[in-house]
Amino acid sequence: MAPSTPRLVIPVDLKKKPWQQNPPLHNRWHPDIPAVAEVKTGELFRVEMVDWTGGTISDDHSALDVKTLDLSIVHYLSGPIRVVDTDGNPARPGDLLAVEICNLGPLPGDEWGFTAIFDRENGGGFLTDHFPCATKAIWYFEGIYAYSPHIPGVRFPGLTHPGIVGTAPSMELLNIWNERERELEETGLQTLKLCEVLHSRPLANLPSTKGCVLGKIKEGSLEWEKVAREAARTIPGRENGGNCDIKNLSRGSKVYLPVFVDGANLSTGDMHFSQGDGEVAFCGAIEMSGFLELKCEIIRDGMKKYLTPMGPTRLHVNPIFEIGPVEPRFSEWLVFEGISVDESGRQHYLDASVAYKRAVLNAIDYLSRFGYSKEQVYLLLSCCPCEGRISGIVDSPNAVATLAIPIAIFDQDIRPKIGSVPTGPRLVRNNPVLPQCTYDGNLPITKNPSASI
Amino acid sequence: MAPSTPRLVIPVDLKKKPWQQNPPLHNRWHPDIPAVAEVKTGELFRVEMVDWTGGTISDDHSALDVKTLDLSIVHYLSGPIRVVDTDGNPARPGDLLAVEICNLGPLPGDEWGFTAIFDRENGGGFLTDHFPCATKAIWYFEGIYAYSPHIPGVRFPGLTHPGIVGTAPSMELLNIWNERERELEETGLQTLKLCEVLHSRPLANLPSTKGCVLGKIKEGSLEWEKVAREAARTIPGRENGGNCDIKNLSRGSKVYLPVFVDGANLSTGDMHFSQGDGEVAFCGAIEMSGFLELKCEIIRDGMKKYLTPMGPTRLHVNPIFEIGPVEPRFSEWLVFEGISVDESGRQHYLDASVAYKRAVLNAIDYLSRFGYSKEQVYLLLSCCPCEGRISGIVDSPNAVATLAIPIAIFDQDIRPKIGSVPTGPRLVRNNPVLPQCTYDGNLPITKNPSASI
Amino acid sequence: MAPSTPRLVIPVDLKKKPWQQNPPLHNRWHPDIPAVAEVKTGELFRVEMVDWTGGTISDDHSALDVKTLDLSIVHYLSGPIRVVDTDGNPARPGDLLAVEICNLGPLPGDEWGFTAIFDRENGGGFLTDHFPCATKAIWYFEGIYAYSPHIPGVRFPGLTHPGIVGTAPSMELLNIWNERERELEETGLQTLKLCEVLHSRPLANLPSTKGCVLGKIKEGSLEWEKVAREAARTIPGRENGGNCDIKNLSRGSKVYLPVFVDGANLSTGDMHFSQGDGEVAFCGAIEMSGFLELKCEIIRDGMKKYLTPMGPTRLHVNPIFEIGPVEPRFSEWLVFEGISVDESGRQHYLDASVAYKRAVLNAIDYLSRFGYSKEQVYLLLSCCPCEGRISGIVDSPNAVATLAIPIAIFDQDIRPKIGSVPTGPRLVRNNPVLPQCTYDGNLPITKNPSASI
Amino acid sequence: MAPSTPRLVIPVDLKKKPWQQNPPLHNRWHPDIPAVAEVKTGELFRVEMVDWTGGTISDDHSALDVKTLDLSIVHYLSGPIRVVDTDGNPARPGDLLAVEICNLGPLPGDEWGFTAIFDRENGGGFLTDHFPCATKAIWYFEGIYAYSPHIPGVRFPGLTHPGIVGTAPSMELLNIWNERERELEETGLQTLKLCEVLHSRPLANLPSTKGCVLGKIKEGSLEWEKVAREAARTIPGRENGGNCDIKNLSRGSKVYLPVFVDGANLSTGDMHFSQGDGEVAFCGAIEMSGFLELKCEIIRDGMKKYLTPMGPTRLHVNPIFEIGPVEPRFSEWLVFEGISVDESGRQHYLDASVAYKRAVLNAIDYLSRFGYSKEQVYLLLSCCPCEGRISGIVDSPNAVATLAIPIAIFDQDIRPKIGSVPTGPRLVRNNPVLPQCTYDGNLPITKNPSASI
């Protein structure tokens, strides 16, 4: 065997359920979840992962599985992996763990993925007030390319990446998380702004024992009960990296993660074949099972040298990373602007989230003139390699955000043209083919939601 | 003369004051400001512009001019330019005006610019709570490159662009602007969130006759009084384009602007030699005088075909654009993450502005370890070709924003390294060389503001 | 199974010898070699391939295997593959076969490769008069990256591609090949120019039964004898594609091959993890076993529509291709020029081969000042993603060729610098680590060949 | 004046003839041509240049000026410029002169250029045997873009560069040039290969007093006679740089030139708005007048440190350069292959010039199916930003060269397509609009030369 054949440290078996995998998976962050594997610095190793839902979503034409997904179970992660140096000394709190993503991809034999809009009362998404119904699109992979029977006329190379790469938090950091998120949950409704439009989405997902999977900690044990009650949900990205959903963490990139516990306890999951900046539909990348080939280095005291601010906030850090050299190259982009005036015409103050929402809505409206339904475009913008930029954040009162879409992913020219009539010939691409579940919440929303944009 | 020598339709004379220029400039948006030039579709024409302050900031080592700048006068724009087709018929409301930026640059003999942080009580900036003092850096241009005596060790090619390209609003649209911004000004303090940190910045800049320059409308006339009281300030970007500060509107790009009045009445200004996404320091690009060489096409009924939503919000549109083919290419980037937890540790809900603020603060903290003061880095990140991305906007409660910095602009390797000690040898780059005025507001802020980051 | 899981149509077993594979391999071009597999248009399929030598070169520190390699056996190809449309009708002569390379890579468990200089009397290379000794370097892969224990200080992402993709020639085309190459062999010595420097390399490799492997044709049969005597060697690229060694035929690219026989009879082989333009060391890419995932379309009559000139030369065509979107991106290049004056100072007339040779020699000489032996640089330039350009081909008498080397592949800054002394500290990188066999030909060459450059 | 306003050291007046300019121009290389300007290292300076013919070619629809151009007068260069360090010490033989191209462009008011095919008996070109007639195309510039009334349907951003940047040769180097080129001229006919197809082109252009312009050396003086008889023609690129026609020497690039005489004596000229690799039509770039903004550094002893080989060939060097960061970006390319089998079917041995010729002919043949005449395509490929690569140079007997054409420069999709008929609808683009002079040489060539391709 060549020295660079990656050692498989965590296999998964797609024929088994997520809770049957060996080594076991986990779906929470907690310092006490034991490592299931150990790697040395400089060693190339391979980690396999189930998709974030653990196989709950099927390759079919119904969105019922999306509508009824139990969100308490996500995300199933592979790990933790203990990292030691060549002398056997583990990474220590205060170190930086440099993780190079040497390779990645779907699991052989499982070359497909899904993008979904969650039901307004089950997770929702960035535009849940416009698109409250559970909807999904299936994608098939042809090597670097993805195409969907549900969104015809587009095909693009994936900027494949793990949605989640993170180290285990220390108990101290975990407490900070739980405290600040609980505070938001409790006091949020009075102070929130964007939330007025997104009001059925949970403000935060606090620890809950329901659906909890904790790796080697035996379910039902006292330890399990304690850890499950404390362990942080994996949904948001935080100081440990986690669910950052950064589409550029692709082949050849390198992420520098802070280390909070001995051994670093690295976990990964939520593989995305492709994702647009923002992953706007929430289940919005092309979600898949997959593998990572990684190599770690330890930068001793790296947090202090490079990241940690002085004083009481020394844990208040964020990972940094370097972009890899093989991202898909596009040279022609059509770019949509949005400003922080919401759909009702109300002015917000330098709110980049509102501005980005408007940019996405503008793009949806525009592209729906080329033969697509608005749901199709929403799904597409969530998972294609589009770029979301904060273009202006100081010109009161309008933040300006832009959404840049690579023109080459379409089989038609989507640029504005003198004399052309964009709509018409391709209307066959519309709704009927898209699996969608009627939203049956009791909120007073329009029956045909996309007409209201 | 070759057919493609651009026709100079608006000259400026840098030896004159902004209000002495002929044709006259303007610094407000209003449908009644008369056009000062006319161009035909397909014609290549040249527009010259003073810098946004009209020459108020000097090429020297004092920040006093920044501290005392009268913001009521900005931005001085060249135009309006009436656009007609080859038959002489003007662009009409409902059309799209396609403006190609064929070329641009600084004015010959004036190859320098400035980047500034405004005083907390005079405009402020994205990080005004951390950097309340007026500060500036001067940049000199060597062709495509800029360097600064105030920020040694960096040199980069400019992604030169106009901060402002816009069409005149109709009276109806102007009324919408004034109404929604007034409402924000009046009701904002109760509902704002980010504003708690930015609280000395104005929420909106409502129309005011002070400092008003209205082109051919004679100052002191009845018409002047009426227009000055109604005309919108140029600070925010809006439906007509305007101060979008989009750094990618560079050579070879094409912007599609909605037309609201007969002739479109195109105005341009606020030339930037270079700017980072977000232009975080507010006066944050490399501000300069300059020229544009433009070519217009009219897409008849283009707003309806491509932009306008149905119903009462038909004016609720935003420009779109295509990126040009000669942007500077960088292949190596160091990327900083930020999440929507603010500096005090407080959790915000999916707030991309907070997340971006954190990413910028993280980058400032990191780069200040390489021999720079935090003010230097703040200015640098505001004007160098860095990219600000909305990476995750759905994973409650954390929005994730990223700031990507091209590694090649530095004369040292700024990547984290095993064993290296980033600080030390280059400390000479620090504060003393940076012009800065002590902040003398009466807010309870730290004396050495950057230490508190 | 997802519809896009590639169907494995040709497996190889690396534990077997090349002549033991099932389906059988072949190492010649001939219309009568029977197809071993059939694929439909639109179908994603997978082809596995041994390395071009069929496992003759070992992962060790001796160049003896290179010195004694029997070149009559190369290149071992997988195929032929018959291509039919969805109605079962085969590709026909005159069609174009569009082959999309959806994915590719090394075979799992065999993640290594080699680059070699052949002995002057056994194949040689572009610079055989300077580097007559058999030499090799081993490369190990870490996902997209390659590094070599024999050439320390460099690591780069591979622009992985098949050296050979080709269709079977018709008998008519095969006869043209054999005739023109025989004519060269017979008359070449009088007329050649470059050959004066390369004089121990064979002018052409004419058909020979020695080492011949012909797939399903049973060795020893009458048919085998006939085909073996006629079949073209695979060494040069020709009208059918073949050994074009085009480094940009990588992931996501699409090649349009002319069809000369029913079913097209596509064969592939000679996988390269990475290669520089020109593959100057002859065995000069990072040679490996590997797999391709392909998808074919048939453009009926495409040769006539797109390629075929009129008249007697209708077979006189060449493939065309489109470059894929995920090539490694480099933004900084150091570029070396060469002109068509050879090393002895002799002026040649617009000879791009001489100019390119000079550019390569200039680069070798330059880089050898940074701690490398010239053999190391020669191997490196042959296999790293450098670009060879024909910059000027008309300014009599000097052709100008350039060789552009991406700066980022080195762990030191290789640019010229004021005051720096490039040589010295890294001399440890030199010769001793490079496996090399003394050249023992009887030509009057220098003992230490690189000293004579 | 800002410190970075470039100092104009060599102006030209386009209303004057080339021999009337002040400072005077020169069109030969010789160490005794006196410097006309002096610059300091680190200083930004501006050089203006006439086009290479000094205004002989007109912006009109006749090719008569091309047919009758006196080639003894080319290229008119601006300079020499003496370079000294900040202490006033000149660059010295053995130094390297680093010249950064900070900016460049056409001269204001002269925004047009021309591309021409020379008559077979007056210079010819790479494909003179196929295109013997004088032909030209005029191009107009719109900022970064060029378009031509003679080649409709294409428009592209220019990769603008000087065709000639060079230092003065020493007397010793000049003698080497004259000797080796004379030897080629005298002995060439017996040994040449490519020349059989290009046989009416001069093998070399030896020194001649006819048309000679020598800057400050007074015409008619004894010195003039001596220098004119010795001075090298500017047509080929050589050790001093010179007419390298490297299309990537554009904005932001840096060239390292060897210094052979005190002060370096830098000269520049032959500005190209755009050029394809190879500049195949000979007068094949978009030729124009223009300006350069340059900055020089001296690397003392740089030739010895970086370039000079040991021993008798110490002058046998070539410049190196770094590519700038603002080249036009294209992501989609259609690529044509050529092998070293010529149009008659004859096999050549690893001849990259023949292979590139075939690739160019293949591209011409292909693109002429899209409504263009072959002359139009030949001119286009000579001046658009296409890339010419040496892809394979070792697979005996076929060199493989490739020509990559950016798809985005065309207003139609030029890719091969199932079912499409490329020819037909656009035939109006053909010959009639292209200025062309009938070839009236007495060589036995076809009347309609392009039909024979």
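Chains: A, B, C and D, in written order; residue numbering restarts at 1 for each.
Keep in mind that, in the parts below, a residue touches a chain if its C-beta (ideal position, glycine included) is under 8 Å from a C-beta of that chain, and two chains touch if they have at least 3 such contacts.
The chain lineup, named per UniProt: A, B, C, D = Formamidase.
Bear in mind that the values here come from a model prediction, so they are computed numbers and not experimental data.
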Enumerate, in label order, the chains that touch chain C and chain D alike.
A, B
Is the C-beta contact count larger for B-D or for B-C?
B-D
Report the chain whose CA-based centre is farthest from the CA-based centre of chain B.
C
Report the inter-chain centroid distance for chain B and chain D in whole angstrom, where each centroid is the mean of the CA atoms.
41
On a C-alpha centroid basis, what's the spacing between chain B and chain C, in Å?
51
Which chain B residues reach two or more other chains?
325, 329-332, 408
Looking at which chains touch, is this a line, ring, star, complete or other?
complete
Applying the document's contact rule, which stretches of chain D touch chain C when the two form their complex?
96, 98, 125-126, 176, 180-181, 183-184, 188, 191-195, 198, 201-205, 235-239, 243-248, 256, 277-282, 284, 297-300, 302, 305-307, 309, 313, 316-323, 325, 331-339, 341, 343, 345-353, 356, 358-359, 362, 365-366, 369, 387-402, 404, 415-418, 420-422, 453
Could you list, by residue number, the parts of chain D that touch chain B in their complex?
1-6, 44, 59, 100-104, 108-112, 140-145, 157, 251-252, 293, 295, 324-330, 408
Under the definition above, what is the set of chain D residues touching chain A in their complex?
329-332, 408
